Structure formats: C-alpha cells, structure tokens
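In the two assemblies presented below, chain A is common to both, partnered first by chain B and then by chain C.
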Partner chain A sequence: MLARYFLPRDLHPGAWWVWALGLAVAASRTTNPWLLLTILAVACYVVIARRADAPWAMAFRLYLYLGAFIVAMRVLFRFVFGGAEGSTIILALPEIPLPAWAAGIRLLGDVSAESLLGGLYDGLRLATMVVCLGAANALANPKRLLKAMPPALYEVGTAVVVALSVFPQLAESVLRVRRARTLRGGATGRRFRALHAIIIPVLEDALDRSLRLAASMDSRGYGRAGRVAARARLATGALMIVGLIGVCVGVYATLDGSTPRFLAAPVLVAGLVVALVGFRLAGRRVHRTRYRPDRWRAPEIVVATSGVAVAVAFFATSGVNPTNLNPSLVVLSWPLLSWPPLLGAAVGLVPAVLSPIPEPVTA
Partner chain B sequence: MIELDHVSFWYHGRESPVLDDISLSIGDGELVLLAGRTGAGKSTLLGTLNGLVPHFTGGHLDGEVSVDGVTTRSRPPREFAHLVGLVGQDPLAGFVTDTVEEELAYGMEQLGLPAQVMRRRVEETLDLLGIAELRRRPLRALSGGQQQRVAIGSVLTTHPRVLVLDEPTSALDPTAAEDVLATLARLVEDLGTTVILAEHRMERVIPFADRLLYTPGDGSVVDGPPPEVLRDMPITPPIVSLGRLAGWTPLPMTVRDARRRAPSLLAALAEPPPRPPLAPSPRLTASGVVVRYGPTVAVRGVDVELHGGTVLAMMGRNGSGKSSLLWALQGSGPRQGGTVQVAGKDPKDLPSAEARALVGLVPQTASDLLYLDTVADECRAADTESEASPGTCRALLDRLTPGIDSRAHPRDLSEGQRLALVLAVQLSATPGVLLLDEPTRGLDYTAKATLARIITALTSQGRAVVVATHDVEFVATVADHVAIMAEGEIVATGPTAEIIAGSPAFAPQTTKILGAPWLTVDDVRAALREPAR
Partner chain C sequence: MRTLVVLAVAALTATLAPVARAVDHSKGYPGYCRNATGVTVVVDFQQLGGTTIVRCDPRPTRGTGLDAVKGAGFQIEGVVRWGEGFICRIENRPSAVEEIPVAGDDGYREACRDTPPASAYWSYWHAGNNCQWEYSQWGVKNRDFVPGGFEGWSFSLNATADTNPTPRIAAVRPGTTGQPCDAPDEPEPTTADPNARQPGAAGAQNGAGGGSGGSTETSTAPGRDALPPPKPRTGSPDRAEADDPSGNVAFTGGEKARDVTEVVREQSGASDYAPWAAGGAVVLLGLATWLTARRRKRSREA
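Moving on, here comes the complex of A and B:
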C-alpha cells in the first residue's frame, strides 16, 4: 500500500495548483515579513524537493527574480514618490516642486522608516504570491493542466497549447534568420531594412508551419466529434459565462473583507453550480476520450489538503489575533511571530515528504 | 481500396490542371511508389487521398476519389482519420503534442477510442516501430529519423487501412532512411496496410515497391510495375541507368539482381579514369576547431584543409556536427577554440561583409536569406551588399539556371531555382571558398544534376567547395574528397572512392553492384566509350 503510494509519478497538476493557491491566499492575508518569508521558504523547499527535470520546472528561478524585482520596485517607489507618512524620518531628500495640476503627487522629499517598511511588507506580500504561482508552474506541467480541463474547454485548451508551442519556435527562427542575415553581409543599411529582412522570413516560416500543423490536425481527426445545434451551444455558453462571473464576484467578496457578506459565499456557490451545469451540458456533446488522464488519488488529496490547510490556518488566526498578521506601521516595532500561523505555514511542507517523486524524463 | 475515377484538379487562378483526368485503382496491401519531378503534382495527388485536396487547399476537383468506398467529395479530411494516415514532409511541423506517447495517442483521442484500447495500441506501436525507449522523451529532442518514425506511429495507432507518406526520408541520413523504409516494408508485410509514398531518391524504395506511379508533369500519371515504368522514365535511379547502359532486360530492380549480371559488364570496362590529384595550395586551413553549446560539444577539435578546385563532401548522421563546423569555418557561427585561416586572415575577426567575400555559406534553410518580393529586388540587394557592379547577381543567376522570371516572388520558385538564387546571391561577393549545407534536400534528379554541374563549374574557376549532405549518390557524382563526421570529430577522410566505397551505409549503388572503384554511372559510361585499349 505504502509502496504504491510513493511510486514515482507525476501528480495531477490540479493538486499542485490547489496547494500553491492555498499558500498564495495565506500570503495575501498577512504582511508580517517573518510569516511571508516562511511561506516563501516552504514554497522553495517543496519545489526543490519535487520538481521534475523539465524546462518549465527550470523556470522557477525566473519567478524568484521577479519577486526580488517587485520588492525592490515597491521600496524604490517609496523613495521617489514621497514616503513621509509617519514620524521617523530617516532620509531627507530635497523635494522637487511640481506644478499645481500635479497636486497630490510628490517627487522625492522626506522619507520615513514607516513608509519604507510599508513598501517592503507590501512588496514582500506580492512577491510571495507570485513565487507561489511560480511554484505551481514548476511542479505541474502547464500543458498537462490544460489537458486536465473539462472536455467542454477542449478546443480552448488545444488553441492555448498550440499558441504556447509557437513561441519557442518563433524564437528559434528569429535566431536562425538573424544568423543567416550575417551571411548576406549583416545589417548594413538602414535599421528598418534590417528588421524587415528578419521579420519577413520569420513570419513566412511561422505561417507555413501553422498551415502544416492545421493540415496535420485536420487529417488526424481534430474537431471530428461534436456537431451541436446553435441554440444548445448558446445556452451552454450563457450558463458558463454567467457562472464564471458569479465565481469571480464570489471570490472577490470572500477575499476582500469590506464587501457585503451576502456577495461572498452565496454568490460563489451559486456561480459554481451554474458554471458546472454549463460544463456538464457542453461536455456531453464531446465524443472524445483521453489517453492516460491524470487521476486524483491519495497523494493528490494530501497535497491539495495541505495547501488548503495553510490558507484556513491564516483565515482562522486573523479572526483571533490580527495584529500579528498585519504588524502595526504606526508604532515602529519588531513584528511579532506567534505559533499558530507559523505552524499553519509549516503544514505547506507536507508535500515535500508525503508525495511521490516525479518520474524521470529519460526512462 | 483506393479508387480515383477521372480525377482532375486545378488550383484557383491557374490555367493548366495539376492533375488531368486520372483514373487509378489501388488494391489492399500494395506498396506504391510515386515518383516525378518537383512540382509535377505528387503532393497534390497524395492530398486528394484523404480530402485535404481540395477541402483544405482550395481549388477545383473534378471526378471522384474514394477510399474504402467512401468518397472524399462529401466529407472533410477529419472524417477519414480512421481510414487514411497522412505523414507530411516535415514531421516536426505536424506534431500537436510534445511527448512521444501523447503524440501516438492524439489521433485515437480524437476518434474517441476507449482508454483500454488506446493503452494497448500505444504499446504495440511503440514496439512495432522500435521506439519504446523514447516514450517519455520530448518530440523536439529526437533525431530526424526518430521523429519520422514517431510521425508514422502517430497515424498508425488509429489503424488506418491506407498510409500515405510524402517524402518520408528526404531529410534523413542513409541509415535512418533505411530504418524507416524497413519499417514501412514490415507494415505492408505484417498488417496488410496499403502504403503510398512519394520519394525523390527512388533507389532505396524500388526494391520494396509493388507498383510505380510516375507523374511526368503534364497532369497525367503513368502506372505500372516498376520495371516497365522505369524503362521509359527520364529520371531514374543509378541502378536503372546502369541497367539501360549495359542493355540488361528486364531491368534489375535490386542490387542483388544487378550484381549477378555485373561480371559481363565489368569485362567490357577499361580502367576507371584516374581522379585528379590534390591541388597544391590550400585555400582554407583550419586546425583544432572547437564549437560547443553550453555542455554539449558540437565540434571537437577538427582540422580541415580546403584546396582550390576541389569538392569536399561532409557526411555523417544528423547532429554529428557538420553544420556547426561549416558555420564556424565561415566565421558567423560560434567557435570557442582553434584557428581558421583564409588568405592569411581569420573570417571570424572580420566584419560579416568582408568575411563573406572570403567564405560563402548557403545554410540548410536557404530561403532564410531571401526577404524581398521579387527575384530582381533580391539580385539588386545582393549587388549592393557585395559592392559588386549592378547586374552581377542576375548574370550569375542566368549562368546557374537560365530563364528565371525577374518578377517572380522567390517563394514561388521551385526548390532548385530558389537554391540557385541563393547561390547567385552568395557568389556575387566572389568568395574563394563556398560551403553548402544540405543543398540537395528536396531536389529531384534533374535539379541535382544541375547543381552538380554548377559545382563543377565553380571548382573549375579554382574555388574550393564543401558540401554537407546525406545523399551518397550526389557525393559520388561531385566530391573529390569525403570526410565522415561522428560525435563532432572527423572519423575518416580521404578520396571519395576510398571512403564511401568501403562503407556499407555510404556506398552508392554503382559501387554496390560493380565494386570499388566504380562510383557513378557516368564513370562507367566513360570507361565503356573507349573499349579498344
């Protein structure tokens, strides 16, 4: 039983996404830098423990850079666009006077420790959420996630997959054509001409390729199943759109504490139900099958639950002790750390131990 | 299985039909070879078999094409997915997913086959094509031969009754091509699949073919058993040319056949003409060339000397470092170590305009060099780029391939004409060394003969030419020397006869029949002309 649980395999991408979204939601509830750093550490540790040896997994580093960039920008903005809220002025820069129509915007001027810290906390929160999404991307093959979509969205999924694969090809042909340009004496003459000499062959190449791909897909039976009456199609489309709008409103209301409560859970649930009915109807007309679909088994449930648990822990503690989650910026002090949210964040580590390792690419 | 009933086809806006009143009937389990010049309608004919022509391409189709009793008139190509498997020229362009296993399953998913059946057929197909160890590999990381086999596998999983292939081996090295063809022969034998394939290099397929269709280019199709059709065909593989030369009837179809009759011909032959010895002065000297991309080493310390007036052929499987070496010699490609000297200079240190006056390179996708709307514009641009007097490029082009319309769009030219245009563009800079990367790809026998003539003319002007190619017959025709590359190293180098005659993979057909040092039918013809000595 246990041996089977830990057999190397790729988990359902949805499980990783639920886990990562759980961490991200938790991060959105706090500005406490210790907690945010803990969540970051948890995400990084799990990625390193469970990522596959594949190109998309290697892109995780880029998300870390992006996170660092976000933090740096947030802090820099506090320098540039005035950060004098608060009493502890740590840097007095000369203020640049702006004309009257730009009232409300300040350039440079005094910088207070409070506003810098505010920028740092805020940036760190956003960066953590971005890194959490990056973790999901590194752990789950994005294309497999598209494959796991409900059959009703199959066409959209295929379009996205094809579009995604175009980018590396475009980059490849740009490189090839640029190299070829040097064979004709390189970019002599005007810049526009040189650009023209690269764009034309690249676009021709891309068009050619997409035509050949379309021909290949057509002759292999793409779009063969599913002819449906226009009215039925309209009804399913309407159901899905209304449902998804409901879900968006519900999610927003749930995450933002200041919106009326009746917009939160009830709208979310109603939206979900409507959207699911739409998917069901749309899926029924599809006569396509799936080769080795990813299935939800015990490890998936463990991974997803651990992510949800982190989010729940943060929601629960914010009801009990909000000051630790959002340290005060009025009175400067070291942010405090209490046990409940810290332990909550640590639950996110569970997948690093209790999930099977991914299957190696070269068998 | 396949019935064509008075089929004619026009593209919109063209006056003459591509296919003109063709009636054919192809039975179950036949292996049919489709031959003909580029642009003679081979791909169009193949496309009609599952309805891509005219449903996808547009144009007007008269008559009726039916497969297994179903006519293509009333149904789109996707409704033929379970009947006809179509494999295009460039397998990579046709892949929808990104790993081998998913690609094999894609067609079955579209047909809605049950999961159990899909699992079983994927496993069977992996074994049938011998690609089981590649199952989880990304498609882009496979070699050309592997990609082609996956492409064949991906249509086989739907168990089509007919398999249609458009030049399945044109981009493959000789060994990979043999593999693919052996796979096809096995499919016909084991599964009874009807196979129809178009192929320029007929010599490899003829032994397997039950039937030969030849498109002369006027819209008609000549149909019959290979020996009969080949007797009157203007384009022929070496084995048939040799058979005609020696007056053998019936024409031999396999090397074994021909070899049995070889002694009588050999007795009538004089000594083979000696190939000219090396010119003394090297035009390009390279030593210790190293090219690497990160951790992968493409070229591992290679020494090359190119002499004026000679042709060096580079052979070796896909990915053995031929292209990287050529680019490094030209100076535009990366080179991490070693020296290259042309006329006392290193082309890498020169600006690209000067480097191309020393060494010209025609890359694998020659059309990357072309970006203007007409042939005349391209020629004018080439003259400016090379600082040559106006009209130089056009004059060169007319010498290479006369009669190309100045107003034509470069993309509308045939493969051979486009190659000639790129050659003219590169030659307008008057380089003393010319490097050609896979120039024979997509060329038919006639275009290849033209290219061979062009290369001979270039060397007679004292230029040094390098040709990287998989085409052994072409190498036998033009090359003075051969270098075989593997794993980024030159593993063998020497005169053509010595190198390719001794190797089972690289030996041309004439050598297989008559033994070394006979390389080409022309050699044999020349030796026959002077019988009394």
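Moving on, here comes the complex of A and C:
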C-alpha cells in the first residue's frame, strides 16, 4: 500500500499548480517578512526535493534571480523617489529640486528606515509570489497540464499553457546555449559580446520552437473549426472570454483586501456562470479523446490540500487579526509573529515528504 | 552593496529603537499649552470610549497638522494606501481587533489598509484660541496648525457632514477665557486635487516646517475626497466664540496610557518565540535545500 503510494511517478500537474497557487495566495495576504521567508524556504525545499530532471524544472533558479531583482528594485525606488515616510532618517541624500508642475514627485532627499523596510516587505511579497509560480512551473510538466485541460477549455487553455511555459522555455534555452558556449570554450572576457552570443541563438531557438509547436498542433487538429456555424462559434467564444474576464476580476478582488467588495463575490459568481454556459456550449461541439489521462490519486489530493490549507490558514488568521500579517512600520520594531500563520505556512512542506519522487528521466 | 549596508543599519536601528510608549512622553507635555507658543492637540475618542487626551506640542516653529499630533507625543497610524496622510488610528484606537458598531456594516474592524468608511473615521478639526472648532477642509499634511491654537481629533461614528461631533473640549487655553477669538482665515481649497497644499503652508516649501518627516512627504495623497464634504461656512472674519470651558468632558494628558506596542502584541496574540522558530525554520530549510540539491546533482552526474 505504502510502496504503491510512493511509487516514483510524475504527479498530476494540476496538483502542483493548486499547491503553488495556495502558497502564492497566502503570500499575497501578508507583508510579514518572517512568514514570507518561511513560504519562500518551503517552496524552495519542495522544488529541490521533488522536481524532475526535466529542462523546465532547471529554470527554477532564474525565478529566484527574478525575485531578488524585484526586491532590489523596490528598495532602490524608495531611495530614488522619496523615502521619508517615517521618522528614522538613516541617510540624508541631497534632494534634486523639481519644477512646480512635478509637485508630488520627489527625487532623492532623506531616506527613512521605515520606508526602506516598507519597500523591502512589499518587494519580498511580490518576489515570494513569483517564486511560488516558478515552483509550479518547475514541478508541473506543462505538456501534461495542457493534456489535462477540459475539452471546452482547449482554445483558451492552449494560449494559457503556451504563455505560462514561455519563461521556462526561454530559461531552458539560455541554459542550453550557455552550456554549449562553455563546451566550445567561447571567450568569456567581453560581456557585451557574450550577451550578443547568447541572445541571438536564444531568440532563434524560440522562433524555431514555436514554429515546431504550431506545426505539431496543426497536425493534431488544434484550431479545427469543425462543422459549427460561425454565429454559434462567435457566441461561445464571447461567452467564454467574458466569463473568464469576470472570473479574473472576481478572483483579484477576492484576494486583494482593498478592492471594493462588490467586485469580489458577485463578479466572481457571475463570471463563473457565464463561463460555465460557454463551456457547456463549447464542450458540446468539441470531442477530443485522451490517451492515458492523468488521474487524481491520493498523493495528488494530499499535495493540493496542503496548498489550499496554507491559503486557508492565512485567510483565517487575517480575518481574526490583521496586525500579524501586515506589520506596522509606524514604530520601528521587529515584526510581530504569532503561531497560527507560521504553522499554516509549515503545512506547505507536506509534499516534500508525502508525495512520490518523480520518475527518473530516461534519456 | 550600499543597500545591504543600509538594511543592516536599519535592522540594527530596529533592535536598538527605544520602546514606544502609547504616548511618547519625550515629545510635548500633558495638558493645554501654557502659552501661545505651540499648539494644543485634543484627541476625543467619542463613542469608541476612553478618556479624552489633551497634550501640547510646544514647537516654536511652524508645522503641519501631522507635525502637531506627532510632536504632542501621540501614536498615530496611517492607512497603508495613503500613508500618514490619512490617519486611521490614534493611540491604537480603533484597534485591529475592535468591532466598531458601524450602521449597516456589522462587526466592522479597522484594518487600516484603505480609506476608512465615511461612517467611522477620525475627523480632523482645528480652532484658534477661544474659537469654535472648525472641520478641516485640508488634509493633515497640507495645512499648518494655528500657533497658540488647537488641533482636534474626534472619532466620527455614523455621523453625517452636519452631525460630525466636535471635540468635547472647548478650544480655550486656561487663563485666556473671555479673550476674543483670534484665528487667521484659512483659504479654502480651490481644486479637488488631494495633493494641493494650503498656500504658504510649511509643506509647500519643502521641509520649512522642520517636522518629523511628514512635511516633506509628497508621494501619498490623503483621500479626503472620500469623506462627506465639510460643512459650508461663512467666510466672515469674526468667528464664533468658543463654548464655555465648563462644559468640557474629563480629560487626561495620557500619562497612564499603556504602551501601544505592548497592547498590539497582546491583541495580536504574537509570541516571542514564533519569530525565532520562523528564523530557525528558514535556516534549516535552506540547509536542507542545499544538501538535497547537492545530493541530487551528484547522483545526476554519476
């Protein structure tokens, strides 16, 4: 029984996406650096422990670089554009005077510790969310994710999967080109030339690959209009797009505490209803079969549940008390932390233990 | 690199920063201002409950309303969206765990994220000595206090523009009763631009107020436009005289107010050990990540 549970195999990509989105949603609720760092560490550990040796999985490091870049930029901007919210001035830069029409914009000037920390916390939150998405991309196989899409979502799903896998693909190209350069013993001296020698092959690679993808999709019947009246296609398309836009707005409003509430549940429900009608209509005309579809087994459910549990824990504690999740910067002090959200974040670690290791790649 | 150094300095400062009191007794002094220098700040909790606090910011220079309330030693918190330009908590009231009986929104709690609702917010008043309170037409960062006068903060709950409660302390310094009201006329805002400053205010010439950072801040806009418009007032120079001070409610100088940081820690259920546990977990996980990555890399290369 246990041996079967832990039999090495690739999990359903949806499970990893649910888990990673759960962590990202939790991160979006807080600016507490303790919690954000815990979520980051949890995501990194699970990725390292459970990623396959596939090319898209190796791109995770680039998401970490991107996160570091985001944090650095946020802090830098506090230096450049007015960082004087707060009373602990730690750096007095000369202020650059601006003409009257630019009132409201400040260049340089005093920089306070509070505003720098504010930038750091805010940047850390965005970086954590980006790294969570990177974790999903590293753990879930994008091709199998496309396969798992419901038939009605094929058109939209294809676009989404292609968009989601652009970055991992590019990252993989960069790694490949760099490895090739190293093997050839290419000159590493001049930075500009090195950039030149990486970017052109990468772009060429991307173009080649998308042509190949288009050809393969074409041969598999994607974009097939079938024998459906143009008007019916237009109606289902419009319903689906409008519904999905509604769902996006609703999800955004639900997750962002400062958006007007009437944009949250009502728009979300309305969007879902419209999209479901669209799916029904589209699903009736699209018939596609799947070869050996991925199934949701116990490990998938465990992985997805742990992600959802993290998000729920953060929602619950922020409902009870928001002070913990958004540390105040009025008085400079170590951010407070209570146990419930921290233990909630730790639940995200479950997949590192309670999921099968990926199938070894046979090259 | 410099960022790192600065962050290290910031972290160090954070550890060394003195514990903030509810009322920072190093700033200002309790009670009314003793003379015409500085400005008296009145904080009336109204229906939130709690004794009204009166303190003086004795600064001889000019300053904004924000400088006054901070300079008098009050602990304030601005909303996340607008920063200190929109004050949502004074002395940790209404706290994050306090349910405010807002009509039509049961169980409302002030999260200090966005502009508070028009039915539960800190209304901002000002008055010259011996004058009637006036609802401020300007944001707290955008006007100068009246030297020798009063700045009032009164919690407005389920009130309209006409029923906004004035601070229940008459704007009269002890010993000046009966003197005529003297307050300069404040120009009304001419635009709807929330960044507009009162002409000649300290904030207009950057830093002239010499305040604690508030006067030089320009990036955030107080969203006063979300609140009911101030009562239209006649611009007649002879203003209404102040009420009789004998009608004042009881007040303190905030001498016995509890440490805000301590209260927040209690209310949030924060634990002293949780941050250590978080730090430890991050370090352990980082170590485990590194070890696992090394092991997997070796097995891949093998």
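Simple rule for what comes next: the second predicted complex is superposed on the first by the 278 of 363 C-alpha atoms of A that agree within 3 Å, B and C clash if a C-alpha of one lies under 4 Å from a C-alpha of the other, contacts with A are read in each partner's own complex, and residues count from 1 in each chain.
The working rule: contacts are C-beta pairs under 8 Å (C-beta built on N, C-alpha and C of every residue); 3 or more make two chains touch, one makes a residue touch a chain.
Note that the structure is a prediction, hence the values are computed from the model and not measured.
After overlaying the two complexes on the shared chain, residue contacts for A:Y45 are found with chain C alone; chain B is out of touch.
Of the two partner chains, chain B is the only one touched by A:R209; chain C is not. Partner chain A is touched in their complex by these residues of chain B: 50, 52, 55-56, 76-82, 84, 86, 88, 90, 93-98, 101-102, 105-115, 118-119, 122, 133, 135-138, 154-155, 158, 327, 330, 332-333, 351-353, 356, 360-361, 363, 365, 367-371, 382, 384-386, 411, 425-426, 429. Contacts from chain C toward chain A in the complex involve residues 3, 6-7, 9-10, 13-15, 17, 20, 70, 75-78, 80-81, 83-84, 96-97, 111, 113-114, 195, 206, 212-213, 216-221, 260-261, 264-265, 267-271, 274-275, 277-279, 281-282, 285-286, 288-289, 292-293, 296, 300. On the chain A side of its complex with chain B, the touching residues are 143, 158, 161-162, 165, 176-177, 179-186, 188-189, 196-198, 200-201, 204, 208-209, 212-225, 287-293, 359, 361-363. Chain contact summary for the complex, chain A toward chain C: residues 34-35, 37-38, 40-42, 44-45, 48-49, 53, 72, 75-76, 79, 81-82, 84-91, 95, 103-106, 109-113, 116-117, 120, 257-258, 321-324, 326, 328, 330-340, 342, 346, 349.
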